[in-house]
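Here the chain labels run A, B, C and D in written order, and each chain numbers its own residues starting at 1.
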Amino acid sequence: MSKKEFMSGDEAFAFGVKLAKPEVIAAYPITPQTIVVERLSDYVADGDLDSQYIHVESEHSAIMAALGSSAMGARTFTATSSQGLLYMAEGLPYVSGSRFPVVMMNANRATAVPWSIYNDHNDSMMFLNSGWIQVYVEDAQEALDMAIQAFRLAEDPRVMTPVMVNLDGFVLTHTYELVEIPDQELVDRFLPPYQTEHKMSLDAPKSVCIGVGPEYHMEFRYRQHHDFDHFPDVIREIDSEYREKFGRGYGVLSEQYRCEDAEAVLMTVGSITGSVREVVDDLRAEGIRVGVMKLRYLRPFPTEDILSLPESVKAIGVLDKNLSYGYEGTVYTNVNSALSRGNRRIPTKDYICGLGGRNISKENIRQIYLELLNPAAIQEGEKVSFVNLHLDQEVDKNG
Amino acid sequence: MAENKKMTLNNLPEEELFFGHKACPGCGGSLTLRLVMKVLGPNTFVVVPANCMSAVSFYYPAMNFGCNALASAFPCTAATMSGIEAAARAKKLEDYTVVGFAGDGGTADIGLQALSGAIDRNDRIIYICYDNEAYMNTGVQESGLTPFGAKTTTSPAGKVQHGKLTHKKNLFDIITAHGIPYAATASVGYPQDLINKVAKAKACQGTSFLHIMAPCPTGWSVPIDSTVSVAKEAVECGLWYLAEYENGEYKLNKDPKEFTPVGDYIRKQGRFKHLNEDEIREIERQRDATWVRIHEKW
Amino acid sequence: MNRPSTVRYQYPKALSEIPLPIAQAGVLIDINSGFRTSRPVFDHEKCVGCMSCYAVCPEGTIYRGESGLQVDYDFCKGCGICAKECRFKAISMVPEEGENE
Amino acid sequence: MLDIRWYGRGGQGAFTAARLLGRAASVYEGKYAMAYPSFGPERRGAPVWSFTRIDDRKVIDRAQPEKCDCLIVLDETLVTEKVNEVLKPESVVIMNTVKPEKYGFIQNRLVTLDATGMALQFLGRPITNVAMLGALLGVTDIVTLDHADQVVKDNFPTKLYEKNSALLKAAYASVRGGSEE
């Protein structure tokens, strides 16, 4: 029987990992991921989880130990955040290039300098090109559910690609919510033990992490790229089976909320979506037609979903908790690229927000929607703006 | 068990587990690998970080290891081995060995942190540092194990700076300071001694570490047939030593009554060609100090 | 001699043929003798079969044949360590003439 | 929707109380709740805000609320006139103090109790969070005393639970005037 528990995002994710029964865990503590590794250590120490926990001395070793473990065909988990993810940088394409289905939890946190332990997405956005699948969750329940789904997805023979599950630091990792915990037997049926021939074994010895010269290097990359073509279908299949078994699903690469007949749509990533949903409800109650599109996966990117937005949409805003300095938020770049691929001309605007844990209020979001309702101004005006900046804007403009 | 029968040069298994690779002729590193793999056998998981040994043996589509092998990132030979070992434990594998081959830079410089972590966990892995005293794969740059005075492409024999300015890191002491179950130094100049130590490491239940002197004719500027003889001379003149650390005790496997002249060893190698008499005397002084310490401490 | 043999590798011609970057162990595509300027030749009269040469060969190309120790010239790089280390002077390095076979 | 704010110092257990309240409301009373501390490095003695939000539908807005319906002060040394900024006209303030007369600047309804004295009496230590939870329920009935007692039971080992349970009930009674008990 499933039961309900009041858990933080970190705790919920750790519990999801426990239900997924990884054979090997290699992780190094970093705020705000720490509770995940503490809970997993507890489960192993108490015998509630039969897993080899490797107490690595750094994140670089965590990801490379995970590579070694996954290369043996063992279900493998690691977790990190921010500076730790950056320290792992070298290992990320090692794992994805080798096509080993490691699952990682990343607690999204700002990157130094100025250093900060608080939330934004500058850490994971640096690694959109790392070959990992990236998914961002909205609440503790989705965190737990995606811990389980991530292993199923990564290990699917059509996928064989590592998955990074991103949780917003503190606002999600350290916030307690009601979470429904699935029954272990049901999880076991949904996620059977990982079986693969894609591994080193004494019966069939392999050379792993091979080198490929200029003559054939591009062909290997070509395959890696095109394998992503199949991932959306696999994600859809897994999510609908999950919904069937556990009564909860999250859609595929993205989720549209009240986008039907919407004039303005705001794109979100992660836990900010909840507040945006409430603003949408408030505005809809006032007869204002707005919607929100939650981008769950950034790799693979929900290009088709974005292009499927109704014709009623006259302006799109993007909430970017990250910034490619000197240019724009990275989600914005990707959204515009999707629109361009589909030859859809909709005015767009980037809203840089929440950097280093800056609060984003419902009033902030409301003002963004009101601005988006004037598509002509969006078309003509500044494309990149900052939300809730603690500066006197007037002085800035005059100065 | 086959391990019970002592392995000698005469009864080494015929199977070649590291073969057909593209290493330079006379490579001390590949000789090290070949000999070690003879002892460890086919049920071995090998980790090689970015170095000559991985560069010459993982180049698609040719694969030169006959057993399982993984070409890992430079800083984390030990961590990758730990991951393999943990997975083998999780899968309840029996009768296997996990070994890593990193060079001097891969061990004493960039790989030291991960190695220290693995020894701390006492994972059942064999870490082998094949020491050719510089970053040879990238074209002979100075490492922490490059000896005093040696010329490399980043410690040139210039007008004001004469090769490497500092002495060779004392890696063996760094490792034994961890209280590791088994550590030893060895040399390709002494194959039987090397084989004996690999057999001990294979039987060790925790982390074991072998520091093997493996000359690189290219980087040392010596003839390609002198890899083994120059390795022997390093031991004979006292600049390298054969020792073990087991159960907290040090043991010298060879304790020369007197050393051959350092100058004879030095002058044969192009990398030391620029050194003057004072600098050679400095190398001798360092050697003597090392041996005083060895005799006092061990 | 117990080692992998050389195979003719089929390179991929289509997306579906491109392998994942994990390969069968022990696959040889070509021979290594291009390195060599001279080759070791055994004098079987002098050889006592001590196997020192075998132990110090970086390539693993010396093996026990029907008439004593043999060299796999496809993979010998001609470094000459075997000849130098032989206490019985049973190996001599003979210069290669022209192209390698 | 109810916003409850807890004000204390690191180590006083304000966040534990926030979490226990959220758990009682959600796990035992079928409501939805969210609980979180003011985020940051964990340091003993530093001022810590904690928040519990309770609603009949799923709580999804994570933005820190500007104002609260109940303000619970575990450590009165933190209180200045600035607390008025987080209060709505109808908000109630529950404070651990023996000198309520010092807080005339708070215009809202102020309920006080000597939680430190009670904690010393029942626990032998000045840990006031469970007492303040009891006082909150005595004033507001956000969750039943039985359910609060249940989450205290879930949270503490048996011996500590017994002491805290007694403290919870005593604090509850002290603000109710003892009549309901």
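Throughout what follows, a contact is a pair of C-beta atoms (placed from the backbone, for glycine too) under 8 Å apart; a residue touches a chain by one contact, two chains touch by 3 or more.
Remember, it's a predicted structure, so these values are computed and weren't measured experimentally.
**Q** Go through A-B and A-C and name the pair with more C-beta contacts between its chains.
**A** By number of C-beta pairs in contact, A-B is the larger.
**Q** Centre to centre, by mean C-alpha position, how many angstrom separate chain A and chain B?
**A** So the centre of chain A lies 43 Å away from the centre of chain B.
**Q** Indicate the whole-number Å distance between the mean C-alpha point of chain B and the mean C-alpha point of chain D.
**A** Roughly 63 Å, centre to centre.
**Q** Can you give the whole-Å distance between the Cα centres of chain A and chain C?
**A** Taking the average C-alpha coordinate of chain A and of chain C, the gap between them is 52 Å.
**Q** How big is the gap, in whole Å, between where the Cα atoms of chain B centre and where those of chain C centre?
**A** Each chain reduced to its C-alpha mean, chain B and chain C end up 24 Å apart.
**Q** Can you tell me which residues of chain D touch two or more of the remaining chains?
**A** Within chain D, no residue touches at least two other chains.
**Q** In chain A, which residues are in touch with two or more of the other chains?
**A** Chain A, residues with two or more chain partners: 71, 205-210, 212, 216.
**Q** Any chance you could list the residues of chain C touching two or more other chains?
**A** 11, 21, 23-27
**Q** Make each chain a node and each touching pair an edge, then name the shape: line, ring, star, complete, other.
**A** other
**Q** Under the stated touch criterion, can you name all the chain pairs that qualify?
**A** Chains touch in the following pairs: A-B, A-C, A-D, B-C.
**Q** Under the definition above, what is the set of chain A residues touching chain D in their complex?
**A** 4-6, 31-32, 117-118, 138-139, 170-172, 174-178, 271-275, 277-278, 357, 359-362
**Q** Any idea which chain D residues touch chain A in the complex?
**A** 19, 22-23, 26-27, 32-37, 39-41, 59-64, 66
**Q** Could you please specify the touching residues of chain C with respect to chain B in the complex?
**A** 1-4, 6, 9, 11, 21, 23-32, 35-36, 50-52, 54-60, 63-64, 75, 77-81, 83-85, 93
**Q** Quick one: in the complex, what on chain B touches chain C?
**A** Contacts found on chain B: 9-10, 12-16, 18-28, 30-31, 34-35, 60-69, 188, 191-192, 217, 223-229.
**Q** Note which residues of chain C are touching chain A in the complex, please.
**A** Against chain A, chain C makes touches at 11-12, 15, 18, 20-27.
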